[in-house]
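Naming follows writing order (A, B, C and D), and every chain is counted from residue 1.
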Amino acid sequence: MGSEIQIAMYMTVILSLYINISICMYGVISKPNLIKKLISLTILQDSINMFLILIGYRLWRPGIVLQPPVLLDWSPTSEVLKQFLERAVDPLPQALVLTAIVIGLAVNIFLITVILHTYRHFGTVDMDEIGRLKRVVIVEETA
Amino acid sequence: MNMDVELINWIVIIIGQILITIGVFCDFVAALLMIRFPNFYIRLHALTIGSIGGAVVPAVGAALIAIGSPFLGTFRWFLAGGALVVALFIFILGGAGSHAIARATYRAKIVEYRPCYIDQLAEDIGEDGC
Amino acid sequence: MLELADLIFIMLGISALLSVPATILAVISRDLLKALIFSALQSTMYTLMFFLLMAPDIVLVYIAVSIGFMSLLIILIIKKVGRYERY
Amino acid sequence: MESWVINFLTIAMFFYIASFLLYIVRLLKGPTISDMVLAIDALGYDLAAFLIILSILFRNPILIPCSIVLTLWIYALDIYVAKYLEAKEMSE
């Protein structure tokens, strides 16, 4: 186990990530502008990715230098491999988050295209305005 | 023979540490000046101190330290080369970026150009300077 | 006496704490361009955190996606739509 | 030699963190867009130099390409914002 200050800082990181997620959920739900919703959604996605990375990290122990999961020798012996297993962090969440970031980029580009078409149709990106315009159109059609 | 290599390593490390000390000093001064300066066009000077003095010089110093320390292993040459590439990129791109943002700010008239003693660009365009 | 491990955890905590006001200002501010710059600050802080958490491959992708492409796309759509929020 | 270098770089890290905090004060205060972009420029370039020092402390050369990519994309952000500011007021 790490010392007191390491555990306190670890809890600080987790707490501030929770605060970030709650603020971004407020922004997604409560702000009427579509671009502001998009920015909030991006930050929310990044915070959740950070949680996944934080799961795969190991606390420091004295005398061990942590390394990213890359073997630096060209022809590793069994001793080097054993030392590597003691030092490396978990590579599975990193592969997961790498895929999630790229798919998130594709989803964001799709959302931007949808926002652009909404703006060309209605002339505004405000959700309240769009709802009012829709209501006006429905009333005109039924009357 | 071994003694000479040791001596050369120490000399390179001391030079690198002097460069990093200069860089840290420039960085701290630039951060203070970025707060203290009153105007956007004067703050460009602080950005130049912060990018050239605070990033290029410590990168070169870190490259020298990486060359002179054999406890890093064989890959220290890769580390030194990467540090020099970063120094070259910041040396080129820092000036270009600050020039672009200053030109855009002047053309868009976001910040008032004051105190104004001489404005040769406006005279060249045809407006009245100051 | 502070060791290197303690120092790294302190840097992790400081950068996580600095990302909170950046997020608050990015959600609250009326000017969308200012919101974009605050989101870039949050991305820079997360970059430092990913680096300290020993994930260089994610740093290589995350900088390009979050500072590069998202800034470009949001600036393009701000240019079409308009810079200020309604209220 | 090893402990001398490590101690020196550890002391240099404190000053870097202090100047990062001062830059962030300017970024949160900045009255116009240009000041904020200026502050985030300086922050990004100094972070690139800081990552090199950290990769010497971690004894790992695989972390170096991060700082190259960071430098290039901070410059790209700069150019985007400058182009937006100029094109909106001049032509369009």
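The rule is simple: a contact is a pair of C-beta atoms (placed from the backbone, for glycine too) under 8 Å apart; a residue touches a chain by one contact, two chains touch by 3 or more.
Only a predicted model underlies this, so the values are computations on that prediction, with no experimental measurement involved.
Enquirer: B-D versus C-D: which has more C-beta pairs touching?
Expert: By the number of C-beta pairs in contact, the winner is B-D.
Enquirer: In angstrom, rounded to a whole number, how far apart do the mean CA points of chain B and chain D lie?
Expert: For chain B versus chain D, the centre distance works out to 11 Å.
Enquirer: Roughly how many whole angstrom separate the Cα centroids of chain A and chain B?
Expert: 32
Enquirer: How far is the middle of chain B from the middle of chain C, if each middle is the mean of its Cα atoms, in Å?
Expert: One centre to the other, that is 23 Å.
Enquirer: Where in chain C do residues touch two or more of the other chains?
Expert: 56, 78
Enquirer: Using the touch definition from the top, which residues of chain A touch two or more other chains?
Expert: 66-68, 72
Enquirer: Residues of chain B that touch two or more other chains: which are they?
Expert: Correct list: 73, 75.
Enquirer: With touch defined as at the top, which chains are paired up in contact here?
Expert: Contacting pairs: A-C, A-D, B-D, C-D.
Enquirer: Which part of chain D faces chain A closely enough to touch in the complex?
Expert: Per the touch definition, chain D meets chain A at residues 58-63.
Enquirer: In the complex formed with chain D, which residues of chain B make contact?
Expert: Within the complex, chain B touches chain D at residues 9-10, 13, 17, 20-21, 23-24, 27-28, 30-32, 34-35, 40, 43-44, 46-47, 50-51, 54-56, 58-59, 62, 65-66, 69, 71-73, 75-76, 78-79, 82-83, 85-86, 89-90, 93-94, 96-98, 100-101, 103-105, 107-111.
Enquirer: Which positions of chain D touch chain B when the two form their complex?
Expert: 1-2, 4-5, 8-9, 12, 15-16, 18-20, 22-23, 25-26, 32-35, 37-39, 41-42, 45-46, 48-49, 52-53, 55-56, 59, 61, 64-65, 67-68, 71-72, 74-75, 78-79, 81-83, 85-86, 88-90
Enquirer: Taking the complex as given, what residues does chain C use to touch chain A?
Expert: Within the complex, chain C touches chain A at residues 3, 5-6, 8-10, 12-13, 16-17, 19-20, 23-24, 26-27, 32, 35-36, 39, 42-43, 46, 49-50, 53-58, 61-62, 65-66, 69-70, 73-74, 77-78, 80-81, 85-86.
Enquirer: Considering the complex alone, what residue numbers of chain A touch chain D?
Expert: For chain A paired with chain D, touching residues are 65-68, 70, 72.
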